[in-house]
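Structures given as structure tokens follow.
What follows is subunit A paired twice: with subunit B in the first complex and subunit C in the second.
The block that comes next holds the complex of A and B.
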């Protein structure tokens, strides 16, 4: 029997500096009504945003804490840096290699994944599980690192959808370990929306029209692949894009809104591919994750990829 | 009798959805996706244009935009 992917430790990091969306409105060129809509309709309020925190300061913090869960004598075979924006460093800096070296994981293979945008972190977890099963020595580990800075207004504002914020997360992965079990991972990519931030108004409208339906289908498909029903799911742990798109998705699914964890949307806003892991740590630290219960990690990436991963929480 | 202002808002919404020829006062605009994230800011401007008053976002909530009835009550109620 093939060993399943397990999540041995998830950690997240948020810069301390918290601002209101009104504070970034000028730099983003947002008009009064747009700020009002973001605040009252989309449910955004505050975000962590610290221009003085560098990318590596941001991502290494949670990566180091996740690595502490590596058992004595075990090795990290892969370091995968998952990010949303294709350019997060100047071209002469390979962020994945820097992260590996800074963590002292000199023997690990390091590379980046970005093709699924904000789903890339879930995709990286899935991929590292596949690599560990396929070619790594028994007992090897992988480290998924995600997080990026809203370093420019051009990457901070997704018009009519989200205001991006700073955060990072890391996940120590192995196969057949005692951590949370990955039961399924489902993605669907709609290539007609590949232009992402450069979509035409018509394409953006089309994306908005299918968004809730497709996301609901992907969640249900992931749950079915895990051989569960949606009633078996304790909570959906989603990305923080905004409340209105989640309300529409929940309505499409005919689901109970109380089973979707949206508390962090007004606190942290959308933190690229880190959201689901930030939200996971919030729930874990509150004691809200119940051993033996099932959870769905959900994100959507511009481009456009919809992703859902079903996990079973275990006593950590 | 409905105010002229709310009729302007109804007309604006219907103009964006040529497949529709009517819109009931209590139909949920968000859940039915008659107003989506792309058009919400434009809805705000349509309401402000019809009412002649800038919306004070400190005093409103998403419920005020859920239906035409709610919009009328929040932004077009006669004093």
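The block that comes next holds the complex of A and C.
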């Protein structure tokens, strides 16, 4: 029997500096009525945003803490840096290699994944599981690192959707370990929306029209692949894009809104590919994750990829 | 607030959102076809109205049918007015 991917430790990090969306409105060129829509309709309020925190300060914090769960004598074979924006460093700096060196994981293979945008972190967890099964020595580990800074207005505002914020997360992965078990991972990519931030108005409207339906289908498909029904799912742990798209998705699914964890949307806003892991740590720290119960991690990336991963929580 | 005042407030809110003066609105003017609003600019107009007059929009119960024309919007605004406290 093939060993399943397991999540041995998830950690997240948020800069302390918290601002209101009104504080970034000028730099994003948002008029008062547009800020009103983001606040009242989309449910955004505060976000963590600290221009004085560098990219590596941001991502290494949670990566080091996740790495502490590595058992004595075991090795990290892969370091994968998953990010949304393709350019997060100047061209002469390879962020994945810097992260590996800073963590002292000199024997690990390091690379980045980005093309699934905000689903890249879930995709990286899935990929490292496949690599560990396919070619790594038994007992090897992988470290998924995600997080990026909203370093420019051009990457902070997704018009009529989201205001991006700073955060990071990391996940220590192995196969057949005692951590949370990955039961399934489903993605669907709609290439007609590949232009992402450069979509035309018609494309953006078309994306909005199919969004809730497709996301609901992907969640149901992931649950079915895990040989579960949606009634077996304790909570959906989603990305924080906004409340209006989640309301639409929940309505399309005919689901109980109480089974979607949306508390962090007004606190942290959308933090690229880190949201689901930030939200996981919030729930874990509240004692809300129950051993033996099932959860769905869900994100959507511009481009456009819809992703859902079903996990079974285990005693940490 | 009577219908006449609501229509005047709608004119001001539309002026803010469309960034051009809007005057002489009648209740049969259609927001999408005649004024070329879209679902986003309708929401922005509602936020401008919230700022200007005493209404509270419930984001959970928005129905685009309420925003077909200046007349249906006026009906909607009058139902969203906060109780006077009397």
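Definition applied: the second predicted complex is superposed on the first by the 316 of 316 C-alpha atoms of A that agree within 3 Å, B and C clash if a C-alpha of one lies under 4 Å from a C-alpha of the other, contacts with A are read in each partner's own complex, and residues count from 1 in each chain.
In this section, contacts are C-beta pairs under 8 Å (C-beta built on N, C-alpha and C of every residue); 3 or more make two chains touch, one makes a residue touch a chain.
Remember, predicted model here, so these are calculated numbers, not experimental data.
In the overlay built on the shared chain, the residue A:245 is in contact with subunit B alone; subunit C does not reach it.
When the two structures are aligned on the shared chain, A:36 is found in touch with subunit B and with subunit C.
Of the two partners subunit B and subunit C, more subunit A residues are in touch with B. In the superposition on chain A, no contact is made by A:49 with either subunit B or subunit C.
By the touch criterion defined above, A:193 reaches neither subunit B nor subunit C. In the superposition on chain A, A:209 makes contact with subunit B only, while subunit C stays out of contact range. Under the contact criterion defined above, the residues of subunit A that touch both subunit B in one complex and subunit C in the other are 31-34, 36-37, 40-41, 43, 160, 205, 243-244, 247. Of all residues in subunit C, only 13, 16-17, 38, 40, 43-45, 47-48, 50-51, 57, 59-60, 62 touch subunit A in the complex they form.
Residues of subunit A that touch subunit C in their complex: 31-34, 36-37, 40-41, 43, 160, 205, 243-244, 247.
Listed in rising order, the residues of subunit B touching subunit A in the complex are 30-31, 33, 36-38, 40-41, 44-45, 48, 54-55, 57, 60-62, 65. By the touch criterion stated above, subunit A contacts subunit B in their complex at residues 31-37, 39-43, 160-161, 201, 204-205, 208-209, 212, 242-245, 247-248, 251.
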